[in-house]
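Note that chain A is present in both complexes that follow, paired respectively with chain B and with chain C.
For the complex of A and B:
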């Protein structure tokens, strides 16, 4: 256990160092992402100035939701930015390097890239929670816990989508861009949707666990919803690993053949 | 448990190829055909041997190498590498083999080389002190001491490949599998890399199996060759025997006072000619090379002479031609 944690720590430290190898550019990205998140929220601020109620939600609730999504996505990109490259690695055979090591290939694959703007996302979250979301410092530990769990769910969804390329290589572009779908749905309140869509967002495409449920858990001080988000992180995380392992059996290491007619 | 470093029996691998039907056919079921990349090959490699895996593009070299590392699972057959079944015990095997894919990097592009090598040592679970000792030794042998603190992005291809080899050898594996190790290198970088590999193999008794299109790699590094084509093993021989059996000629080059000497001997033809320097191709089935030399010394004022084996390229071409002729 100690050695495994040391290994993960070494991977993280190396990739963060690589992410900040050009410190000027990295800090620029980080600051811009922070500003981007805050500027984007102006749209919501303008909306709530005119319509103060969105089916029971106010500006502070949306700020919470936006902050949780920013922290979750930022964490996923800063720690496991390689998740966006999995489909490409499967398709072009660069997974070989990770498979040639005496470890499970997923940690080194996911942590093969650290995206500095992710840290900008993470830093913008407390501003959204504490300033615009009307929360106090006492709420911070729970918000970080829920956002971390949300980050694991988000990373699992993106990983599962990327793994589709093991079976259907033609889906490469779709799998590569699927993370954008996850972000777009996550940053909007989902309680406005009908029961059917909400059910999909709680099961097949579990984006509800990324943003909606964590906000509800905080708003309603509902311990069951907190546990549900943590359980979702464990379950979808495990599911993503199982799907990746199953997919490895179909890995063709860049030798996949397509015959043109 | 086998005493061979690598043992392969009837190893085969097929891939499913789906026919692309384009936009119009996107909802149709695409026909699947099976393409055999490797068709039941067998060989054994003893510890410490340096073996070349030769073949044209698509012959099945890389696929075989990937099965031997556990990256690919074979369709049928059996293999043991360092005593492990690669595709069943991939992680255990990884501690006993070093892998270098010439076109893929283990190093972090923006970081100093030493950072990558230290992380790789952690990946293999090496303690700090043995890792530093190993790093220092490899740096000396591979002449990368001055490169360790430079980012990989600032290295030439030859320098990077030497660092990649250090990465593959950090955990002191007894078996080294190299896929196109000198691809893209210039002549001097190739020569330097080959020298380093030979030195390492001699010092540590490392078994080497390499694939390459460059016959120079094979001639310089290896003592035995496996020739593969269309997934079938055509030949498995020591390099010397390969030459002796498949190309029965030598090249005799004379540097003479005479501008263009001529040798009217049976089985001797001029291969290349420059003023005062003439190369003759000698057919050993028709005339012994000693007689050609003796005649040349008798007739001309010879300042220097050289007897060369034919390039391995010619040997391999001859093997493919004879295999094709047998198939026809």
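For the complex of A and C:
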């Protein structure tokens, strides 16, 4: 266990170092991403200025939701930015590089890229929670816990979609675009949808666990919903690993010759 | 054949190439239509859940408004990142040796792709909005004006993306500038909320920017398509189009000079 954590830590440190190889550019990206999230929130500020109530939700609730999604996505991209390249790696054979290692290929594949702007997303979250979401410092630990679980669910959904290429290579472009579907849905309140769509978002496409349910857990101080989000992170995380392992059995090597130093 | 007609012939060939490339990318196009459906459905649901009261708007027309703005924003694709890739990979070097300038060829190719995607998004969006609302809020006589305004909006967005793409030469990666530009468009262009629903001061600011010419002006035709409104919309768009064309030429020339002198 200690050895595995050491390996993951070393992977993370290496990729963060690579992500910050040009520190000036990385910090520039990080700051602008943070700013980018805050600018986008102006749309909601304008909306609630005109219409103070969206089926029981106000500006603070949407700020909470947007902050959770930003943290979850930022965490996924900063730690496991390689998740967006899995389909491409399967398709062009660059997955071979990870298969030749003595450990499970998934950690090195996911952590093969760290996207510095993800840290900017994460940094914008406390601003959204504490300033625009009317939350206090005491709420931070729970918000971080739920957002981390949301990040795992998000990463799992993206990974499962990318794994489709193991079976259907023609779906490469669709699989690559799928992360945008996850983002688009998770940054907007989902309680405005009918029961059918909400059910889909809790099961087949479990995006409700990324943003809607964490916000409801905090708004309603509902311990069951907190547990549901954590359980979803474990369940969908495990499901993603199982699907990836099944997909590997279908993988035909690209016979790619790469020297990794 | 004169120099000018040869240049126009080359531009048309690049535009046709862009159209065919976009048409052959069936999965990419399908993915784009799928992505486009999401904000349309989400905003449609949000507007239906909004107590619009005496705002002077109804959820049906606002859904059509969002369909129009989203179609415009989805049509140009990721032009800036393709220019970034050309500059970073050095592919631009080969393009610089051609008789037609790299910028002009790239814009022509992207116009072809943008027009194809906009046509698909427009038709698909119209059907989606009609199914969701049960109404078509614009008369058949005003449809060509709406189509023209949407095209000008998408091409304006494309030109600004080209400018952002050329910033690679100075910034290394233009993506952060694109994110900010995109979000400012969402706010000042009125992606989701028509500018008429903004506070007066914000409305004044938004309307005076090119962002309104990209999104709000064309989409406002589904709220008001009287001849005077159509003339005002097209007038504003043409004005900003001339400005954007000037900026593109200035930035592309400066970027190419710097690239030739110092590399990427």
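In the analysis below, the second predicted complex is superposed on the first by the 254 of 261 C-alpha atoms of A that agree within 3 Å, B and C clash if a C-alpha of one lies under 4 Å from a C-alpha of the other, contacts with A are read in each partner's own complex, and residues count from 1 in each chain.
Assume a residue touches a chain if its C-beta (ideal position, glycine included) is under 8 Å from a C-beta of that chain, and two chains touch if they have at least 3 such contacts.
Note that the structure is a prediction, hence the values are computed from the model and not measured.
Taking the superposition on A as described, I'd like to know which of chain B and chain C A:192 touches: first, second, both or neither.
Second partner only, chain C.
Looking at A:138, would you say it contacts chain B, chain C, both, or neither? Reply first, second, both or neither.
neither
For A:36, decide between first (touching chain B), second (touching chain C), both and neither.
Touch partner of A:36: chain C, not chain B.
Once the shared chain is lined up, is A:5 touching chain B (first), chain C (second), both, or neither of them?
Neither partner.
On the A-aligned overlay, A:47 touches which partner chain: chain B = first, chain C = second, or both, or neither?
In the superposition, A:47 touches chain C alone.
Is A:204 touching anything from chain B or chain C once the two structures are fitted on A? First, second, both or neither.
It touches nothing on chain B or chain C.
Between chain B (first) and chain C (second), which does A:17 come into contact with in this model arrangement: first, second, both, or neither?
After superposition on chain A, A:17 lies in contact with chain B alone.
Where does A:96 make contact in the superposed view: on chain B (first), on chain C (second), on both, or on neither?
In the superposed model, A:96 contacts chain B only, not chain C.
Which partner chains sit in contact with A:221 here, chain B, chain C, both or neither? Use first/second/both/neither.
It touches nothing on chain B or chain C.
Just to be sure I follow: which residues of chain A are touched by chain B in one complex and then by chain C in the other one?
22
Note which residues of chain A are touching chain B in the complex, please.
3, 6-7, 10-11, 14-15, 17-18, 21-22, 93-94, 96-97, 99-104, 108, 249, 251-253, 255-261
Touching residues of chain C toward chain A in the complex: what are they?
Against chain A, the touching part of chain C is residues 25, 27-28, 30-32, 34-35, 38-39, 42, 45-46, 48-52, 55, 171-173, 175-177, 179-180, 183-184, 186-187, 191-193, 197-199, 202.
Going by the contact rule set out above, which residues of chain A touch chain C in the complex?
For chain A paired with chain C, touching residues are 22, 25, 28-29, 32-33, 35-36, 39-40, 42-43, 46-47, 49-51, 53-55, 117, 170-174, 177, 180-181, 184-185, 188-189, 192-193.
In the complex formed with chain A, which residues of chain B make contact?
Listed in rising order, the residues of chain B that touch chain A are 15-22, 33, 35, 37, 62-63, 66, 69-73, 90-92, 94-95, 97, 99, 101, 104-106, 108-111, 115-116, 119, 122-125, 151.
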